[in-house]
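Take a look at these structures.
Here subunit A shows up in two complexes: once beside subunit B, once beside subunit C.
The block that comes next holds the complex of A and B.
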């Protein structure tokens, strides 16, 4: 099963909200991947074996894996597009 | 009726780890979850409560002997253990009426939107516990549940208005359109703002900083396990313990800080189906109307300035706790003080030197209010059985969100007992809030005019 990372300040509230929601959406779409919520302060450590990074913050840093816009899953706006990008990332990762 | 009363009392007597899961199973079925998913969420919530209780016992067991030894070796008396926000949220969720806060939040938000009194839709259902906490404080003083919900309603309205007026500045700072912050931590800006007005007059502070490079260097100190280890060792050294004892406490403290978020996550997992159902409902209800979405603070967490201010505040808080008259908390699990750094970030628009000064000025508020709340947080923990404490052990949080507002509005009723301090505190907060509100509104209006002029 492939790993996707989502991060927020404490790795508890916002990131877990996104993780629960995306996990449900992935299951509905029969995608074999699991989203893990982590602490923003130690996110780099968790990205090494992940296929995508769902960012809740605006990030200027370059990552070797696709970065998905996590705000979309919180607001519902452009959620479909971001979910598709995520599924593509899992299939190509 | 008597039978129902007896059943309810029996359920409550079972403790938070049993009755809150029962409530969430019913709440889950109400929002049309599948039976097996609802039961799974309920058990997960029971695990969260029990895990948290275990962890808090572990933490107090490790820290309080050091605090006692510290008192003997240095004369500094800090008997209140700092359980951080995770402890407060655990206690809040264990209030029997806690779940009624969901419908209240939704109804107030819908009414405000329909009346065009707000443009914000609060999607941050996790921080419902912040409203619950205020309500619980009101009950502790007045014994009145209806009054508690009235005060919670006032808080919800303030959160929406504050989110409205911040939305422009937040978009400018975060670069993310269409969102704002509905967390009550932002309220602390009212206290910081007057100080910032003075600091703005000093041109030396208006330099640009390479916050990113600095954060790369010191960021590791904010990681939970590293920070926990350092704090544990500092406590051990101050207690004049042996090296073996110091290192052991270091590792134990690192364990506590590492596990807090791990266990809190189970609360979130259990509650997420309900919060998802609510936000889906709200999204459908207001489709087509462009609303700003209110979120918890982490979408601002990409700012290096916030993390630098958080790291700066750690030693400041620790030092201040030792010398500040009237403080009795030994800062620990609440020492990562986001509720201080985020308002400082918003007030200064990310000016790091001013943020650091404001954070330093702000620390005493958190320590004093954390101390003031300790007896009642401890009572509540014992009454609900949400947290297992040794006899005589006090617990609190050194980083209560929006401390001045929370203290003022929840304790204001203590005036009937002749205590006028909360009234004064609340009035001071309101004065600062009004000034800050005006600046934000002016800024948003100017930006709108500029944008309109550019289009014309």
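The block that comes next holds the complex of A and C.
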């Protein structure tokens, strides 16, 4: 199973909410991947084995894996597009 | 899901604030006086909002879900606030996209208290135009509280 990471500032509200929502969507779409909510400080460590990074904080640097807009999963706006980008990242990762 | 985290006693209707900082100061004072947060809460809330803004560009109206780290919370809560007039609020994951926000849900979460479902339920339903209009038009705290706990998904 492939790993996707999501991180927010406190790790107690938005990141876990996004993780649970995206996990549900992946399951519905029969995608073999799991989203893990991680501490913002440990993102770099997870980049080696994750296939995508769902960001819900401002990203100022380049990442070696696709960065997905996590706000889309909270608000529902552009959710379809971001989910497709995520599925593509899983399939290509 | 259990709606007991929506604290009726914390609902603020037509709260008068000048700006976001004024809102944080007044709200922290209320939360502290009622024993929901520690003394460190105000500074934690301000610092966190600066680093990680909490405005959400939901349709039809943007909302804000400010929160501080769990260590500053004593008793978990959701404080629902309607401002007398909207204030500028920065969108999550940006530093330069601003929205005029009138409805705010201050989240006081502690790890493992079911907040994930709570936040999801709120965010999903706050995109319902009818509900948002009822919240904007509610005349009393009772009415406002009822509208929220009547959201489908709450017990």
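Throughout what follows, the second predicted complex is superposed on the first by the 93 of 93 C-alpha atoms of A that agree within 3 Å, B and C clash if a C-alpha of one lies under 4 Å from a C-alpha of the other, contacts with A are read in each partner's own complex, and residues count from 1 in each chain.
One rule holds for everything that comes next: contacts are C-beta pairs under 8 Å (C-beta built on N, C-alpha and C of every residue); 3 or more make two chains touch, one makes a residue touch a chain.
All values reported here derive from a predicted model rather than from experimental measurement.
Undergrad: Evaluate whether subunit B and subunit C can sit on subunit A together after superposition, giving fit or clash.
TA: On the shared subunit A, the partners clash.
Undergrad: Could you tell me if A:64 is touching subunit B, subunit C, both of them or neither one (first, second, both, neither)?
TA: neither
Undergrad: With both complexes overlaid on chain A, does A:14 touch subunit B (first), subunit C (second), both or neither?
TA: A:14: touches subunit B and subunit C.
Undergrad: Examine A:56 and indicate which partner it touches, taking first as subunit B and second as subunit C; both and neither are also allowed.
TA: So A:56 meets both subunit B and subunit C here.
Undergrad: Could you say whether A:39 touches subunit B, subunit C, both of them, or neither, answering first, second, both or neither?
TA: first
Undergrad: Taking the superposition as given, does A:77 touch the first partner, subunit B, the second, subunit C, both, or neither?
TA: both
Undergrad: If both complexes are laid over each other on chain A, which piece of subunit B (62-70, 260-268, 314-322 or 386-394) hits subunit C?
TA: 260-268
Undergrad: Common interface residues of subunit A with subunit B and subunit C?
TA: Correct list for subunit A: 8-10, 12-14, 16-17, 20-21, 55-59, 71, 74-77.
Undergrad: So in the complex, the part of subunit B that touches subunit A is made up of which residues?
TA: My answer: residues 86, 123, 126-127, 174-176, 178-179, 219, 222-224, 261, 264-265, 267-269, 272-273, 275-276, 279, 283, 293, 295-303, 307, 336, 338.
Undergrad: For the complex, which residues does subunit A have touching subunit C?
TA: 8-10, 12-14, 16-17, 19-21, 55-59, 69-71, 74-77
Undergrad: Enumerate the contact residues on subunit C facing subunit A in the complex.
TA: 48, 51-52, 56-59, 65, 67-70, 91-95, 107, 109-111, 115-117, 119-120, 123-124, 127
Undergrad: Please output the residues of subunit A touching subunit B within their complex, sorted ascending.
TA: So the residues of subunit A in touch with subunit B come to 8-17, 20-21, 24, 37, 39-42, 55-59, 71, 74-77.
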